[in-house]
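Listed below are the structures to be examined.
Both of the next two complexes hold chain A, though its partner changes from chain B to chain C.
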Partner chain A sequence: MTACVTLKPHTKGKGTIRRSEPQFDMGDVIYFCRKGVESIIDDEVTKSFSAQELESWNLLTRSIRRFPHRGLRLTLLWGLGVLIRYGILLPLRVILAVTGIFLFVILSTSVGFLPNSKLRFFLGEKVHLMGYRFCVKSLTAFITYHNSENRPKNGSICVANHTTPLDVIILANDRCYSLVGQVHRGLLGLIQRAMVKSSPHIWFERAEVKDRHLVAKRLCDHAADKTKQPILIFPEGTCVNNTSVMMFKKGSFEIGCTIFPVAIKYDFRFGDAYWNSSKFGLVHHLLRIMSSWALVCSVWYLPPMNREEGEDAVQFAKRVKAALAAQAGLADLTWDGGLKRTKVKDAFKEEQQRLYSEILLKVHQTQKQEKCFEDETPEGD
Partner chain B sequence: MGAAPTRIGQQDPELVERTGFSPEQINNLHKRFLQLSGNKDTISRENLNDIPALAYNPIKSQIIEAFFDKRNQHDSEVGSLEEITFQQFLMVMSHFRPPTLEMTAEEKEAMRKEKLRFLFNMHDTDGDGKITLEEYRKVVEELLSSGSIEQESAKEITDAAMLEVASTNVPHMGPEDFYEGITFEHFEQILKGLEMESRMHIRFLDTATVHCGKS
Partner chain C sequence: LSFLECSWRFCGRFKALWMKAALPDFKIRELTENPIGGRIIAAFFPPEKERLDFPSFVRILAHFRPIGKNRSRDRAQPEQANSRTGKLKFAFELYDQDRDGKISREELLQVLRAMLGLQVTEEQLRSIAERAIQEADLDGDGAISFDEFKKSLEKVDMEHKMNIRFLK
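This part shows the complex of A and B:
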C-alpha cells in the first residue's frame, strides 16, 4: 500500500553552479498531483464496496442504474419477470422460509430437553441440517461444492470470505459448524437461542465483543475440544462485494489450530448477493435475495493450513487469504474492510510525508556537503 | 461497461469538444462520478475526502481544492465552488488528459500551458495571480511531514528553493529587497525545461470488461 516515492533525478543544469534546484520541488508536486487524481478516478476500496456490474441485463432493475429504454419487447419481458418473481417465487419462498424456521425452533428446543448424550448431539446435528436445508430451498440456492474431501473436520477453524449473512446457510448446508457472533434481539435472537440449545455455538454479548482476550479464550477452549464442530469465522469482518478479498483480521489465526479455508463465489447474473449494510437492512436484503431469480454459487474447500515455523499470525493470515483469493478468482487486496465505515488514519499520510522528507533531507545534506567541500581550501579536509 | 451504459458521452457532443475526451472515456468517468457522489448530480469535498487511496497523498487537500477552484473551469472567475457537477468535474479532469499522436505543435503547446496553469493555480491559493513566498512554502511543507523532520531543515529547504526561484527573475536582488511573488509567466519560465506531457497525465484503462471469476 505504500506508494513508492521514486523521484526521477533532475539532471538539469541551469548553466550556473547553483546548490539547490527548485525544480525538484515543483516536479515532485506533479508526481503527487497525478497520483491523487488517479485515485480519484479509480480506487480499489470504493470498487469493492459497491455492487458489481453486469455485462448483459438480467431483467432485475436493481442491478443497473437506470432503466434501459430499448423497446417494448424488453419492457414486456421485464414486466413478465417481475410478475413471476414477485407473484410466484417470492410467496413460495417466504412460506418455505417461515415453515422452516418455525419447525427448526420447535425441534431444536425439544432436543435441548434431552440429557447431554450422544443421542442429543446426533439429533441436534440432524435438526440443524434440516433447518439449513429448508433455508436453502427457500432461497432456491444452487450450490456446487468442490473438493469435498477437504471439508472441515471437528476441532478446527473454518475461514471464508464474506459477502452476505447467508454465507452461513450456504456453508452449513453441507456440514454443521459452530457459529460465532453477537447476541441479537428479535427474531434473530430467538433463532440464536434455539440454536444454542441443541448445538454448541459461541454467542457474545455486545459488551464482551470489545474484550479481545475473552473472545480469544472462548474460541481457544472450543477449538481445543476435538469433538466439537469446527468454528466458522469470517476474518474480513464485514461484507465485501465478492470481487475481491480484503484484509483478514489476525485474531482467528493466533489461536493455533488447523485452519480450513473455504472460498465462496456467487454468480451474480442470477441476483446480487452482496449485502451493502449502509444501504439497506437485513430484512430488505433477504427480500431482495428472495425476489431475485436464484442464488447460484460455488464453494471450494481448500486443503487445511497450519501456521509454519517462524511465521506470525499476520503472515499466516496473508497466506491463507492469497490461497483463497486464487482459488475463487478474486482480487487479493490488502485494504482493511473496516474502511467501509471509517476513514484512513492520518498516520498513513504522515508516513508518506516522512519518506519524502527523508529523501529531500539526504539530497539537501549531500548538497550542503558538496558546497562545504567546494568552499574549503584544497589542503583542508 | 454496464448493462445499460450511461450514454452521456454520445448524448452531449459538446463535452467531447470542450474537454477532449473520447465518448467512452466520458462514459467511464461518468460512472465513476456517480459512484463517488452516491448517484447524485453533484460532488462535494466530503465525497472526495472519503476515498481511502487519496488519504495517503500528502497534498490531498490541495488536489481536492483544485477540483472546486473556479479558475480551473477555463473561466476567468476567481473563487471556489461548494459542489461541482459532472461537467465541471470533467473540465478539471481535462487538464490531465494524455497527449495524442495527432496533435499539432500548437495544440501541444496549448496543452502544456493548461497543465502549467493548473499547477500554478494549485500553488496560488488566494488567487491574486502570484505565488508568494508564503504560498510556496505552504506547499513544500505539506509535502514534508510536520513531525519527523526538524523545522529548521524544512525551512532551509523551502528558503533555498525560493531564493533560487527569486534570483532567476531578479538576478541582483539584495537580501532586503521584497520579492513579490512568482507570476505565471515566470512560473512558465522556471518549468520550461521540465517535461510535463508524460508526467502529468492519467492513464485511462481500456474499456474492455475484465473477467475475474472462474465460473
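This part shows the complex of A and C:
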C-alpha cells in the first residue's frame, strides 16, 4: 500500500533538525475511493462465481447475454443446432442415463447380498465402474487422462478442484473412489444407499457434518486402512467456475496421509459445466449439460504429496493448491469459496485499517523520537 | 471502443449495485474490505433514490477517466466530470454526506473513523481531525468548504491518483 501521507519539513532556527509532522491529507480518502471503484468495475471473486465468457459464440444462447442478431444464416444455424441438441442428443442421453442408473442400483444391491469376501469387493468395483461409464456415455463426455502413472493408490486421499457434481463421474470413470458427502433424500439418497452396499463410502447425516472431529475421525479410519479405495475430496467446498482455484479448506490436509492432487479442466467451447447453485438446481443443471454439445475435459494426475517437516496443514494446502492451479492453467486465488454465500469477514477490513493507521502513526512515532532526541541534545544558538 | 461495447461490459457490474438496500450485504467482496466501501456505493446513488439507472452509473464512473488533453472545444463546455474540479467534487462529496457544501468536524471524524477503525484511540482521532481542519480552514468557520478543500489539495496530482483505465 503506497503511503499518501505528506510530510512537511521545516527547520527550527539555526538548527538543521527536520521536524516532520504527520499530516492527514484530505486527499488520503482518494486512495480508498479509487480502489473501491476499481473493485466495482472488476473484481476477482465475482468473476470466479459467474459463468465464463466465450470469445466466439458456440451456438448456445446460454453462453452469451444477448442474442447476437448478425444475420439470417447465423440464426438458421442456431435453430438447426437447437433441433439437433434437443431433438436428438437430449432424448438419447436421458434414456442412456436412466438405463444406467437403473441397472446400477439393481446390480449394486444384488452384489451387496454376497458374503463379505474378495468376490464381493471385486464385483462391487466392476459394478461401480459400469455405472460410471454409463453416465459418462450419457453425457457424451470426452475425457483425456494425463499422467496415469500418478493415479491415486489405495489408502490415500485424492483432492481435486470442483466445478460441478459431475466431477465425481469424470474421475470415477478411471478408477473407483470412496466418496464423502451428506446423506440426501429422494433419488440421490437411493443411489447413495445402493452405492454403499457394494463399496465403502462415507456418508454423513446432516447433523454430523457440523461436528468436525467426527468427520475427521471417520476420514482417518478409512484412510488408515491401506486396502480401502482412496477418498475423493473437494477441498474448495463449493463449485467454482473453472477459471480459478479458491482456498482449500485445511480439514483433509490434517489427516496426515498421502495426498494425490488431480486437476480437472473443462473445455468451455462445447458447453459450460459450471454449476451456479444459486441460479439453478441440480436437475436443471443436468439438463443443461445434456443439451450442450458435449462435455470435453482434461484430467491431470499430479505426483503424490506429503506433508513436510515443520509444515502445518494450511501451508500444505496452499502448496497443493499452487501445484494444481499451475498444472491446469487456473488462477490461484486465496479467497474462500464460502464467499459465494456468506459475507467477507470483518477481519479483512480491519487489516486495511491497520495498514493505513500504521502509516499515519509510524510517522507520529518518528516525530516523537525526534523530539526526544532534540530534548537530549539541545541546540545551542 | 464504442458505447455499446462499454455498456455490454458494464451491464454485469451494474447488476451488483442495483438495490441500495443491498448495502449491508455487499455482493462485491473486495468492496466489503474497503473501509469506505459503504460511502462509495452511496456516492453512486443520487440522494433519495433507491434505484440506480445505467446512465447515472456511467456518469459517476466518468469521474475516473483520465483528464484529456486540452482541446479548444473543451473550454466551451461546462465542467466535465473527469476534469480536475469534477474529480475534486467527487472526493468532496465522499466527506460531505449531508450535501450542505461544507465538511464539518463531525463529517471529517466519521471518515477518519471509517478509515482507521479501532486502530487508533479517540484522542488521536480527534487530534488528527483538529489538525486537518486547522490546516485547511482559511476563513475560520470550523468547517471546510469546497474552495478550501480545493486549495488544500492543489499540490496533489489528481490526474494520476483518481484515474482508472477501464476496458483494456
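In the analysis below, the second predicted complex is superposed on the first by the 342 of 381 C-alpha atoms of A that agree within 3 Å, B and C clash if a C-alpha of one lies under 4 Å from a C-alpha of the other, contacts with A are read in each partner's own complex, and residues count from 1 in each chain.
Please note the rule applied: a contact is a pair of C-beta atoms (placed from the backbone, for glycine too) under 8 Å apart; a residue touches a chain by one contact, two chains touch by 3 or more.
A quick note: this is a predicted structure, and the numbers were derived from the prediction, not measured.
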Is A:34 touching the first partner chain B, the second partner chain C, both, or neither of them? both
After superposition on the shared chain, which partner residues are touched by A:350: those of chain B (first), chain C (second), both, or neither? both
Scan A:50 for contacts with chain B and chain C and give back first, second, both or neither. both
Quick check for you: in the superposed arrangement, does A:267 touch first (chain B), second (chain C), both or neither? first
On the A-aligned overlay, A:243 touches which partner chain: chain B = first, chain C = second, or both, or neither? first
Considering only touches as defined above, state whether A:308 meets chain B (first), chain C (second), both or neither. neither
Does chain A have more residues touched by chain B or by chain C? B
Going by the contact rule set out at the top, does A:329 touch chain B (first), chain C (second), both, or neither? first
Regarding the shared-chain residue A:298, is it in contact with chain B (first), chain C (second), both, or neither? first
Looking at A:42, would you say it contacts chain B, chain C, both, or neither? Reply first, second, both or neither. both
Overlap of the chain B and chain C footprints on chain A, listed as residue numbers: 21-23, 25-46, 50, 65-66, 335, 339, 343-344, 348-354, 356-358, 360-361, 364
Chain B touches which residues of chain A in the complex? 1-3, 12, 14, 18-23, 25-47, 50, 53-58, 63-68, 243, 265, 267, 298, 327-331, 335, 339, 343-344, 346, 348-354, 356-358, 360-361, 364
Residue numbers of chain C touching chain A in their complex, please. 8, 10-13, 16-17, 25-37, 40, 61, 64, 90-91, 94-95, 111-112, 115-120, 124, 128-129, 131-132, 135-136, 144, 149, 152-153, 155-156, 158, 161-164, 166
As the complex stands, chain A meets chain C at residues 4, 6, 21-46, 50, 65-66, 335, 339, 343-344, 348-354, 356-358, 360-361, 364
Contact set on chain B toward chain A in their complex: 1-4, 6, 29, 32, 34-36, 39, 48-60, 63, 67, 93, 96, 119, 122-123, 139-140, 142-149, 153-154, 156-157, 160-162, 164-165, 168, 190-191, 193-194, 196, 199-205, 209, 212-215
